[in-house]
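What follows is a set of structures to go through.
Across the two complexes that follow, chain A remains constant while its partner is chain B and subsequently chain C.
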Partner chain A sequence: MPRLVIDDLQIEVPEGTKVIEAAERLGIMIPRFCYHKALGSAGACRMCAVKFIHGPFKGLQMSCMIDAQDGMVVSTTDEEAVAFRRQVIEWLMMNHPHDCPVCDEGGQCLLQDETVSGGHGLRRYPGRKRTYHDQYLGEFIAHEMNRCIHCYRCSRFYQDFAGYRDLGPMQIANRVYFGRFRDGPLESPFAGNLVDICPTGVYTDRSSRYKARRWDLQRVPFLCIHCSLGCSTVASARYREVVRIEARFNESVNGHFICDRGRFAYPYANLADRPRRARVDGEDASLAEAVRAASGRLDQISMNAGPDAVALVASDRCSLETLAVLKRISREKGWRHPAVFPRPDLEHKTRRAVSRLDRRLAVSMRELESADFILAVGIDPVHEAPMLALALRQAFREDAGIVVMDPRPVSAPFDFDHVAIAPAEIGGCLSRITEALSALQADSAAQGKETRRPEAAGPLRADLDSRIAGIVERLRGSRNPVIVCGTDIVRDSTPDRAADLARLLLQLKARPCLFFVLPGPNSFGAVLLAESPGRSFSDVVQDIEQGKVKALLVVESDPFKNFPDRERLERALDRLDLLAAMDYLPTSVVGRAHIVLPTCTVFECGGSFINQEGRVQRVEPVHEGGIPVHQVSGGGHPPRVFSHEVPGGEIEAAWRTALEVAGYTNARDNLSILKIMAEEHPGFARCRDIPTSRSFRVLPDAGDRPPVCEETGDRAAPEAADTLEVVLVDRFFGTEELSGYSPVIQNADSEPLVFLHVRDAEPLGIAHSDWISIALEGGGLEVRAGVSAQMAEGVLVIPRHRLLEWQKLGPVPAQIPFGRISRAGKE
Partner chain B sequence: MAKEESSIAKTAAEMVKGLAGSYAVTLKHLFRKPITEQYPEYKKPLPARSRGRIILTVDPDGDERCVACYLCSAVCPTSCISMESRERDDGRRHAAWFRINFARCIYCGLCEEACPTLAIQLTPDFEFCKDDILKFVYEKEDLLVNHGGRNQEYNFYRHAGLSEKGEKGTHINEKPPVDVKSNMP
Partner chain C sequence: MKEQLDQIFSRHHGTRDALIPVLQDIQAEYGYLPPEAMEAAARFCRVAPVEVYGVSTFYAQFKFSPVGRNLVMVCQGTACHVMGGARVLEEVQSRLGIRPGQTTADGRFTLETVACIGACALAPAMVVNKDTFGRVKPEKIMEMLNGSGS
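Up next is the complex of A and B:
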């Protein structure tokens, strides 16, 4: 550990630490533009010059390029260094345009800060400024190349860190240009990070273009709820409107960056058609009146038809507070326990995944980056958990081997071996890997032999056998393997089988090695709070049809989005005596509900969420709620008369309104909710002791044993050769509920494609991007086909896209005969 | 005794002198031109830089100069300026609304000093009485004038180099844009 002196302060740092980093640990911020902790050093900007007084280096050197070494004495305030840095700033400003007033970076600009702190105020150079043409880089990012100072951060992030190739440097010397070869949307789903990473205003956020200055914003450390990973963000609001989301550094979750879905999904909170007024039977009402109406009618129905006739529906975007309150009131009122998951299989898989995860097994996303072999099963990282793809990319950059076992045409910013097999085969493959590995282990323990090949079990293909053998070998040879397992498309038993393999690896390697991806931001919490066995929404629909359920209270959930049979759902909802909806989105359920109780988004009331590794993360509200000022005023100036009441400000968090509906009027403060949470699950008791800014994991020391009975009701692989198995999947944009409401994401989204394998498409005469029609009982679906050779055969991959009315298909069958799929005449 | 008498005489002489002097001044001013202005019948023209009511000026093209950069509202010591910036349909940055509460304003002129586009300017108009305090709240339409104020020439967008107003490389002191696909130096 080298020990060095910086500005008369001594510090000991790990080997390989740069001097600039060592100084930062002492609290000395050496000015920099090109150096970034995640991207490393480039030595491009010359801004971090310091004077080396003693030690192996002497004189003026770039502190980002030199490793801290023993005996160094460094001065950051030496006259020569200060003069040099002042000179550098003046050079950088030679070509920088005079446009700070109309630049969105103004007020949060590193170049601005360092120009001011360097004391450079007047331009001495009389020559002309260099200019560039700008490019259209898509709906998310505005490009203004005149402002560039050539620090190379953008290309280093975009190409090296994130692994996409379509943005980079061109030209030489003073003419270097950062952009694409020609105009067009950036291909990377992480491109939004260019906004954060650019030290000046070359890349700015188009979604918040010209909306506010940093110093005016209400900024709060926040949490992303657009997938199960729970990345850290900073949310900013102004005039009751959320205007910007930025990435926040989190050591154990997302590192420095976030994905574009997390960054640009926020406009759902600002929608003009968000439910802001309570409604009773189509008439506007005050929140108190609507709560009274809901409360009265629910009580009436539970009195007449029994409390069992009232069912609660929630979703995995509900906060932990809401879920805990719903559990409490359903228990005390005798109502049906909230159904959180749309399908029973999703509920089952999430439950299995959560119960098998424990402290020794769970890997955080940052730990994943240091794995040397990763087996990802049943997951398309970019689409289901985008930041996972970036984490895998970092592992890949450190030479980790990655195998993805998935039927979809997976594309990711790293090289991987794609084992394209149908969902039904994944579990079998995992079991065989586990068996082979444990057999090898037993052999080598008994006789020191390591030559036994895994035996082919079952009717799987021969090439698959060799690939499985390869995976077993690589698992054996790796120091730190990790199993990543999705829960969306896999069969019911697959999470268990992944956990079995992870347990074995834990025995062999003594390192945590299991990473699940769950269906939604709070799926983990929903399962912790669920009764066992849990009920899904499809059970509720069945009970409505049988007349057992008369009233439905839908809390922050849109069954229309997820329920696979729209007509059946509509018929069922029409049978209800009471449909009450609590939501902050203008969903279809809100549109048809008898009683609408608007609620706050997480930006307005905060909340707790548990991510896929069991990490409880809590956030405070960003602003107090209410209708955004520019919506109240219709774009003009706000009302001139002062009022104590905020328009739309009576809306409360879902858990408060739910408590009120249930008749608990005196338990609605923040302390009582912590108490309720702790009572509903002992793991949440720590919420009371730990400040909101800190997260903690609710994981048992040892997870469930493997289930005694291995027999699960897995759906078998399609037997008949003339059918395709339907796999409904998530997509980066368009399938996640909240981001689907964001206009900027709607504009940026591309057309959804239904994928099938080349060998399945050829006999049907379907080529890539042809229109096809899929005929079913519930009607037809016309959609563009994607034809790929990089996917499993016998599978039809349909995204649950907002524009694709897959719910209209009727009860989506597991299999579709080839005869039902044909080329459509549409062009 | 004689000493006493001489001191009394001296004092008397001083008194007479003082009286006569001040009468003389009064007498002199009786025949001078008066400097009192008959306000409000007569309004004296004030220096152009005196600090009174605030206006928002326009650039030589006739478009509003304000780009809603928030510097004036940031610097305002009484927080009497508020606005909301937006992107106008033509891509230009502008204030969707802009409000100055003159009931709070102390006419310090810091906003004018901070303004990078010379949009906000203080005028010599200092007479500011209203019968209702709400009438002191001026909106953008009340503040906008149709001239450039003290500087008729300055046009921020001629210097800023944004493509919203004029092609790249055509603004003041700019080189033609770099052709990134050419190898010529």
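Up next is the complex of A and C:
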């Protein structure tokens, strides 16, 4: 390891460390623009010049371009270096429009900082400034090219790191321009990172434009809850309104970046029609009154019809705090344990995935980047776990092979082999791969036997054989393979089969190799806290229909969003004696509930969530909440309405209100919530000792449990040749619940498409982007068709998009006869 | 346009390395690179339109607007600079109402600058189509333009 001296301080750094990086470890921040930890060096800006005094290099050199070497002596404060840097910043500022007062970057701008620290104060150049035309880059990002200093960070991130090609450098010399060929929305779902990564104000966040300077914001290290990955963010609020989300570096989860869903979903917390007042039978009430009413009526029903007639419904966007409290009160009151998952299969698969993960098997997203072969099954990364797609791309850039086994027309910013097969076939393929691998390993028989289990591998199509053989070969030849497995569209036994394969690989390669993607931000927590076997919401509906359940307390959950049969749900809810809803979203359930108890968003009360690899992450609130000042004041400022309380400020975290509804009045402070959590699951005891800035994993140590051979009745592939199997899927925008309420995202979202294979579409006379109508149980669905050859035959891929009434589908799983699909006249 | 482009494409392989020859052919056909043609070239060579524009703007040989019927080149080389080339350029600019690289609205003139045309002894120099003018006097410029330009 090279040892060098920088500004009279000695440091030893790993081989390959740049001098600029070595200095940073000593706490010396050499000025820079183009250098970025995730993007590496470019040597484009000349800002990081330092003086090399001894060693293999001499004189002024760019510290971002030179690897630290033994015997180097470097000065960052040498007169010559300082003078050079002063000149660099002077010429970088030559064409700058000096519009800092109206620039959103002002106050958090690297260019401002380096101008001051570089000692450039007086403009000497009297010539004209070069100017550019700005482009419209979509609803998320504003473009002001005149502020560019040509560090190339944006194009290196956009093209090299993230793998999208519609934004890049153009022109030459002092006219170099960063933008698109024509105006138009940026195609990358990671484009929001340009805001963070550009050292000046070329790209700024349109959703938060002109709202605040950074120093005016309440900023808190935060957590994204818009998919199961749980990326780290910084959330900012001002005047009781969340105004901005930025990426936060996390070395185990998301690295430096986040996706646009995570960045632009936040306005759901500021909605004017968010439930802010409690309601009892349609009348506004104070929170205390509504709590009393809910409490009284629930007790009444418990008394008359038995506590079992009260059911709780929650969702995987509830915090661990809320889920733990619901578990506690349901047990103590005798109410039904909260149903978190909308469908029994989701609950089952999540439970299987969680129970198969252990410390030796689980890979983090960062570790995934160093895999050399990845088999991803039943997952469409960009849509289901966006940052996973960026992690896979980093592996791809290091030459990892990637195979995606999925029925959808998957597209991703990396090259991969797509095995387009129906959901029913995926499990079989996995078992075949496991069998073949362990047969090959039969010599080392002792290990081989352990994981063998009677496989229910159904008959497979012949053309798959060679592809499976190829995958087996590549798994064998790789050092560090990883299995990525989704839980949404796959069959019930698939997570187990993926885990079986991973266990075998662990024996062969001795490296962690299993990465599950779960349905939601706290699905992991939900199954840790659930009773077994858990109930899903569809069981609850059945019990309502049979008259067993008379009262429903729905906590931060919207069954209307997820339940595939809207009419049946409406009929069931109408039968209830009491429908009480606790939520911060203006959901359909809130709209029809007898009692509404508004709750805080995670921005206002913080909370803990467990991501898909079992990582418990806890965040503090960003602000105290209440109705945003500009809503109270009718847009004027300062507000002219005065009161002793914060408008809308009586709302509390769902877990606090839930405790009150259950009659606990003395267990409301933070300490006791940690106690309740620890009591409900021993794994959460550590929450008490660990500061919110740190996360920990709740995973069993080496789970040398025998592989679980639970007999699961997987549905077979549909036999009939004249039907399509409906595969309900998530999309990057429009299917995730919270972001679906964000006006910013609504504006940027595009029309949802229903996909089918060319060979299925042709006989029906359907071409790409034709309008088609599908006759569903609950009525006709008119939608545009996507026709693709890069997907499985025999499936109809329908996104659970908020603009699509897929809830007409009726009972799932569904098969749709060809005869029910036709071209619609609509153009 | 589609037919002409198809003809150009038929002479090349649809790969990235063919991009510059393809663009040269397009320019030979139209005199410049129309945006739609660049997008078609991008599809043909399987690169992003941004990259086509990036590559083509990197080289001085490509033009992005139709060239006028007459090409005016005003020398800004060292000798001409010393002898008042800048004043000549200013005069041409204000007479034609365009800046270097631009074309008049009627499509009559395109103005460009060059760095030395090898007529330093006659500085300041300028060229209109095939005619070279030396010791240019700003007040004579309209005459030269009208005389040589159609």
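Please note the rule applied: the second predicted complex is superposed on the first by the 793 of 827 C-alpha atoms of A that agree within 3 Å, B and C clash if a C-alpha of one lies under 4 Å from a C-alpha of the other, contacts with A are read in each partner's own complex, and residues count from 1 in each chain.
Throughout what follows, contacts are C-beta pairs under 8 Å (C-beta built on N, C-alpha and C of every residue); 3 or more make two chains touch, one makes a residue touch a chain.
The structure presented is a predicted model; accordingly, all values stated were derived computationally and were not measured.
Trainee: State whether A:Pro521 touches chain B only (first), chain C only (second), both chains, or neither.
Mentor: It touches nothing on chain B or chain C.
Trainee: Should A:Arg213 be classified as contacting the first partner (chain B), the second (chain C), both, or neither?
Mentor: First partner only, chain B.
Trainee: When both complexes are superposed, which of chain B and chain C contacts more residues belonging to chain A?
Mentor: If we count touched residues of chain A for both partners, the winner is B.
Trainee: Which holds for A:Gln171: it touches chain B only (first), chain C only (second), both, or neither?
Mentor: both
Trainee: Per the contact definition in the header, classify A:Gly625: touching chain B only (first), chain C only (second), both, or neither.
Mentor: A:Gly625 sits against neither chain B nor chain C.
Trainee: On the A-aligned overlay, A:Arg180 touches which partner chain: chain B = first, chain C = second, or both, or neither?
Mentor: Touch partner of A:Arg180: chain C, not chain B.
Trainee: Output check: A:Val102 vs chain B and chain C. Expected answer is one of first, second, both, neither. What do you get?
Mentor: After superposing on A, A:Val102 lies in contact with chain B but is clear of chain C.
Trainee: Touching chain B in one complex and chain C in the other: list those residues of chain A.
Mentor: On chain A, the overlap between the chain B and chain C contacts is residues 170-171, 175, 179.
Trainee: What does chain A use to touch chain B in their complex?
Mentor: 97-102, 106-107, 128-134, 144, 146, 170-171, 175, 177, 179, 209-213, 215-216, 239, 629-630, 633, 635-638, 640-641
Trainee: Chain A touches which residues of chain B in the complex?
Mentor: Residues of chain B touching chain A: 67-71, 73-74, 84-87, 93, 96-99, 116-117, 134, 137, 139-140, 156, 159-163, 168-169, 173-178, 180-181.
Trainee: What does chain C use to touch chain A in their complex?
Mentor: Contact set of chain C toward chain A: 35, 38-39, 42, 47-54, 57-58.
Trainee: Could you please specify the touching residues of chain A with respect to chain C in the complex?
Mentor: Listed in rising order, the residues of chain A that touch chain C are 165-172, 175, 179-182.
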